[in-house]
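For reference, chains read A, B, C, D and E in written order, and residue numbers begin at 1 within each chain.
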Amino acid sequence: MMERLLDVKSLTMDFGGLRAVDQVNLDVCQGEIVALIGPNGAGKTTFFNCITGIYAPSDGEISVIPPGKKPIRINGFKPHKITQAGMARTFQNIRLFPNMTVLENVMLGRHCRTTSKILGAILRGSHTRREEEETVDFSYHLLEKMGLEKYANEFAKNLPYGAQRRLEIARAMATEPFLLLLDEPAAGMNPQETKELDDLITKIKNEEGISILLIEHDMKLVMNISDRIFVMEYGREIAKGTPLEIRENPKVIEAYLGEEVHA
Amino acid sequence: MTSSFFAEKEIYNGLLLSRTIILQELINFLMDYFLELLLGGLTKGSIYALIALGYTMVYGIIELINFAHGEIYMIGAFTALIAASILNMLGLGQITILILASILAIIYSSAYGFTMEKIAYKPLRHSPRLSPLISAIGMSIFFQNYVLLAQTSDFLPFPSLLPEFEFLQPYRHIIRSPEIFILFTTVVVMVLLTVLIKFTKVGKAMRATAQDRKMAMLVGVDVNKIISMTFVIGSSTAAIGGVLIASFIGQINFYIGFIAGIKAFTAAVLGGIGSIPGAVVGSLILGCTESFATGYVLSDYEDVFAFGLLVLILIFRPAGILGKSSSEKV
Amino acid sequence: MLKVNNIQTYYGNIQALKGITLDIGEGEIITLIGANGAGKTTTLMSICGVVPPKQGEIFFRGTPIHNMTTEKIVALGICQVPEGRHIFPGLTVKENLEMGAYLRTDHHGIKTDLEYVLDLFPILAQRRHQQGGTLSGGEQQMLAISRALMAKPRLLLLDEPSLGLAPLIIQQIFEIIRKINSEQKTTIFLVEQNANLALKVAHRGYVMENGTITLADSAANLLDNEDVKKAYLGL
Amino acid sequence: MHIFEEIKKSTITAVWFVFLTFPIMVIRVNTIHKTIEWRWDNMIMVAVGSFALSFVWRYFMEHRQAPKPEAMGRGVPWIQNARQAIKHPVFFYSAIALLTVFAVIFPFIFSRYQVNIMTTALIYVMLGLGLNIVVGLAGLLDLGYVAFYAVGAYSYALLHLHYGLNFWICLPLGAGLAALFGIILGFPVLRLRGDYLAIVTLGFGEIIRLVLENWNEFSKGPSGIAEIPRPPIPGVELSLSESSVFLYFLVIILTLFTVFVVNRLRNSRIGRAWIALREDEIACQAMGVNKTATKLTAFALGATWAGMAGVIFAAKTTFINPASFTFLESAIILSIVVLGGMGSIVGVIASALILILLPEYLRAFSEYRMLLFGAVLVIMMVFRPQGLVSTVRQTYQFKGLKKDKEVG
Amino acid sequence: GKKEEKKAAKAVAPPIKIGVAGAHSGDLASYGIPTVKATELVVKKKNAAGGINGRQIEVLVQDDACKPEFATNAATKLIDDGANVVIGHICSGATKAALSIYKDGKIVTMSPSATNPPLTQSGDYPNFFRTIASDDAQARMEVDFALNTLKLKKIAIIHDKGDYGKGLAEFAREFLGQEKGAEVVLFEGVTPGGLDYSAIVKKIQENGADGVIFGGYHPEASKIVTAMKKKDINIPFISDDGVKDETFIKVAGEYAEGVYATGPKDTSKNPLTIQAIEEHKKAYNEDPGAFFLNAYSAALALVNAIEKSGSTDYDKIVAALRTEPVDTPLGSIKFDAKGDAIGVGFSVYQVQNGAYVEVQ
């Protein structure tokens, strides 16, 4: 049995009268790629927002279990605490720091893993200097891994769309998470680029040992890389299972996939 | 020395009667005080509101704290004063003067608002958010000194143009017709503006422009025209404010806009900036707070109370009383 | 219907379009495909006058539009579903749709069209009074497309309409594209990442690379083209 | 043909301005004496003036660096050619050397008035750089910055008055007290967004001023505190002009210190967090930055500099009253930051010098001084909307991890 | 030959420079600008008559917006520009800030409007003179009038929070505290420039005051008086020099009737006053503003002192100011050792039929 990293029990989120997420259970284990799919407006992004502390969920239990450590119940935690605990995310609508350079975007991801304070910044003692150097080093290597090193000193806003998506992933990885949440990473990419993304995600899982939970509408990608799939509709979980099972599930086909993929 | 009609007198008379009546009198008396403070506060509030409405409109569309809005109000008042003086020489009646002076004030304030937008804000459409703010501060300083130099630094008496209604005479120590007139105008202007923004096509175009200018262009909105129009409407309400307030207070100088402007801006934020009813509600609350702070606590600190209230309300309602906290979708 | 003649467009000093020439006939569906950053969005923005071309000409039904302001161009009957959706976040779904019909004056027609698009996307009907900004990504995309339909344009420019949509809805969108083209005779200019689908629905296509047009052919031929297959279809 | 067009445009402008200025410029009523004066000469002046100026305006409008159209979603690349030239070491160091020499000999070649206003301007440089942390870097619009300035000034005045503390002790104390106030204000209001924060800080600034004005027992109210000593040098008696020279050098040193600190902060872990918060609050939090703590540090640090500047201000004027700490003061400091180019150190220095020295040099125009000042603010913003100097972020090179710094 | 020589000598003689500093911009401009005009009128006349001992007079105008920091800059600027004497500043605060600089530069400074008592009474500023009574003198007079003539028992003291108004109000409170038989039922400040003072007026009534002493300027005074009358509160309203201004009567109109104000002894019939006002009307086509006569007198006093002492030497001017009386619109004045004007009698006025009439 693999170790669990994230355990969500009957998570519920209401917006006024609208129940966007309704008693959803979901878990992610070590070394897994789990996908969350479902029709538009099913509540997937909202689910992400709840478990990363951007919204305070109306009900439910969320725990993260850092590998080899005790579970932490993170309901009501501020986003930065959750990131510190080891869960990082990207956004459906890209949210980079547009007027910072690409490298700085990644360096910001290091914020919660570094410690130098104001006085350190002013005096720039040996500790701070070392830390800065390490930050630059780490960030640069990360950019290399993501194939972004040639943009290092560009402003983030001037990058092509696909590169921006990859930069968001790099920034999230800079926080050294054990679980990475990706919200529609392939949106706006053409089939060729999606293929590259496919390789990248697999590489992150295999080489960095980071588990992944992703939301995606590109079924080719999802079916290719995920170990397990959860399907949501109208806030509720309607199915879960391996890609094969999901592909055949009539409920999912009717609500989401349509005939084409099946055919 | 004519001694005033003392409240004590009533209490004294009450002593001759029974205790319960004393109590009754006391309550009446306190209520009377409360009521008068409340009415005073509402009047003051509606004065703020007339200026706050323009603030909120302009903010609503280009997210600019238009610091020069108070000056537009001041220019409206000056235009009205000049017009009224000339009309007065022609021997026109009071109502005619009021109407004509108001119209001229509206025309000129709008013209100033329009020109100001073209010169100081329009070239800054694509600039960082704070640049037009500084431009607005510059405009405010410019207009103050323009009027100071072209007219005078002194206070000038402003004729009381507002009509007095006969039937209100008996209650005149509580409320007078100018105050009713101001309250009434405020409400009417608010309703008109709300209808304009909420329900008309132009209003929808204004909101669309405010939220996404480029997309508004893409659905065919003439963004420049809409923004100019907003300035014209905002300036017109300021002009109406200028005429009413000046004739209520009875004096103007080049600096009145600045003081009133800051208060009106505070009121607009208190109510939720960008919201038309919010501007009025915020203004009324601000006016009443000041009035009660003076009446029950200490007038030295009336502004401290006003700003303190602002801080308190914003802590609990970060987008003002009627403002919608636009929860950003992530 | 639309003639784009050798336009060059800049962002500051950066040249995004290096002489683009296109033409779109009345009633056609034309698709423009290309890699990220090729300049597809910029082409659409140049046509609409949002980022006016520095050089070159654009004619819409014979009228030169390259020097016109956006709202005048839109008034001629061109409408765009922009990249990034650009929903008016504070307006309700219904108001967003009404903004789409901003330039129309036939109240009756607007009403029937409103019913029509809400019928197409039932989820929008459900969310009718919700603020546009709080919709989910896909819902916003549907709203953006519906808003453009409300304008009843002669020429509809679509920038990646399938972005962020569920597979079922994508199929539906392409059905709609075909339908309004055949029934309402709306000319359509479609920019898509999903080249496969786009080429299936289009009559003709252009391929764009680095700010220039590299290929122009019928959709069927492009689908068979080896280079296209390799670069854009992911085969 | 072209010229004809231009003339037509200018004529229309002139007619419009004649109409616009007609009641205010031409008619002057005096309701005290019921007199009305018609000044037709003003009308002619306006007509001629606006006709001529509209040519100038249009000329510069056409030639100004057109604000780059921002396409949807994505921004514009930054082109900084001139910067390359400035970066050139020979140029850079000789400029620095020249500046140093100039700064050192300045008080000895110019009159005391010049030294005094230069000192004032440098105080504003400090204020500008301090506010720059809050507004420019952290993106928090603070319209009540002058409150912290007041806290600093009154700390010195009152501590001296009641406890006889001297300048050198009060300098850090004043800065510390201001920081404390920054934190006190910061706690409740930092969850407010954008302009709501602005108005609350404005209110806070007013509250501080009103308290100083009303609470006589504490602050001596509107009549202010006089006879505040200038900075002493232990064991040396200074004449008035000597002590203004001394103050000048003191302020130079403190300004350099400020520049040093702000520069270091900007390119540090904290500085990056500030900028990121400004750029996208939600993403920043999601990347593990503690929003409250980070904003509070920005607020407190900004306030510290205001406090320090306040102490020096009190020592310089030797008299303070609440009239020096009005909203207009905050507005001017904010103008310094925005005009300088948000986040840019060199820009802030330049614009502080311009905005503070300008009204002084405009003294020659006496009553038109403030009119011109207002106009200059507008014009500078219109023609340099992004500020005098646009910031450039630090760039890094990775060969052997050597850093190549670039200061904007 | 000779004639030309004389001309040359005249041209060569350096002008005497009179600095004028005060608020000429910002909200307090209306208190500063009249001083500039007064000085210019005096100087123009004097120059037309051949100047002082054959030397022309030049006026240097410096704005301080009533802010201490600008005041110090204005002061150094004036000294740099070679001012021989200074008329100003307008506000007590700015004056205090600037005085040490003038003191250091040995420049005689004469304010037409800075009323803060320590300016003269502290003895710190031997170079300072003024042509206006200090706050305490006025407050004394108001209090005496209220107690002895009007026989008031419960007095509300209101001020405008400014250094002038509040200073005066503080003294009034102090003096009333020393007297028996009357109490201060209310002591509060109103926000200057406020839009509506009905609340404070209501409070005055609520506290049962039978009289009001107001420290401040006419804009606020007229608003308060108007609000009081509109609420039928007909109790005496006593105010100060800042209110004893034609504008007050014009602005408050019928509501001004019955208001008391202290001010320099009735000068309206003084031919110099009439003349000064005429000159102003002729030159500027309007009535003079606040502190005009004080400023006019200050200019006359300084010109006189320079003329009589025959030099621009600091000590000589000071001596002349103290010993040589001069006829001014305020009367024949000279200055005491502390710098206050002797001979400026003060009286209490009341508005009657639209004009100030001396009542005591």
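Odds and ends about this structure:
Keep in mind that, in the parts below, a contact is a pair of C-beta atoms (placed from the backbone, for glycine too) under 8 Å apart; a residue touches a chain by one contact, two chains touch by 3 or more.
None of the values given here were measured: they were computed from a predicted structure.
Considering the contact criterion stated above, the chains in touch with chain A and with chain B alike are C, D. Chain D has the C-alpha centroid lying closest to the overall centroid of all protein C-alpha atoms shown. Two chain pairs, D-E and B-D, are weighed by contacting C-beta pairs, with B-D ahead.
Taking the mean of the C-alpha atoms as each chain's centre, chain B and chain C sit 46 Å apart. With centres set at the average Cα position, the gap from chain C to chain E is 74 Å. We define each chain's centre as the mean of its Cα atoms; on that basis chain B and chain E are separated by 34 Å. In chain A, the residues that reach two or more other chains under the touch definition are 45, 54, 91-93, 95. Among all residues of chain C, those that touch two or more other chains are 50, 82, 84, 86, 134-136.
Shared interface positions of chain E, i.e. residues touching 2 or more other chains, are given as 25-26, 161, 189, 247, 250-251, 286. Contact residues of chain B toward chain E in the complex are 1-8, 33, 36-37, 40-41, 43-44, 47-48, 145, 148, 152-157, 172-173, 176, 245, 248-251, 253, 255-256, 258-260, 263, 290-292, 294-295, 298-300, 302-303.
Residues 25-27, 29-30, 33, 150, 161, 188-191, 193-196, 198-200, 202-203, 205-206, 208, 210, 218-219, 222-223, 226, 230-236, 247, 250-253, 286, 289 of chain E are the ones that touch chain B when the two sit in their complex. The touching residues of chain C, counted against chain B in their complex, run 48, 50, 69-71, 74-75, 79-80, 82, 86-91, 95, 98-100, 102-103, 131, 133-136, 147, 151. Partner chain E is touched in their complex by these residues of chain D: 30-33, 35, 37, 111-113, 116-117, 120, 213-214, 216, 221-224, 226-227, 239-240, 313, 316-321, 323-324, 328, 360, 363, 366-367, 369-370.
The residues of chain D lying in touch with chain A in their complex are 74-78, 261, 264-265, 268-273, 275-276, 279-280, 282-291, 297, 301, 393-396, 398, 401, 403.
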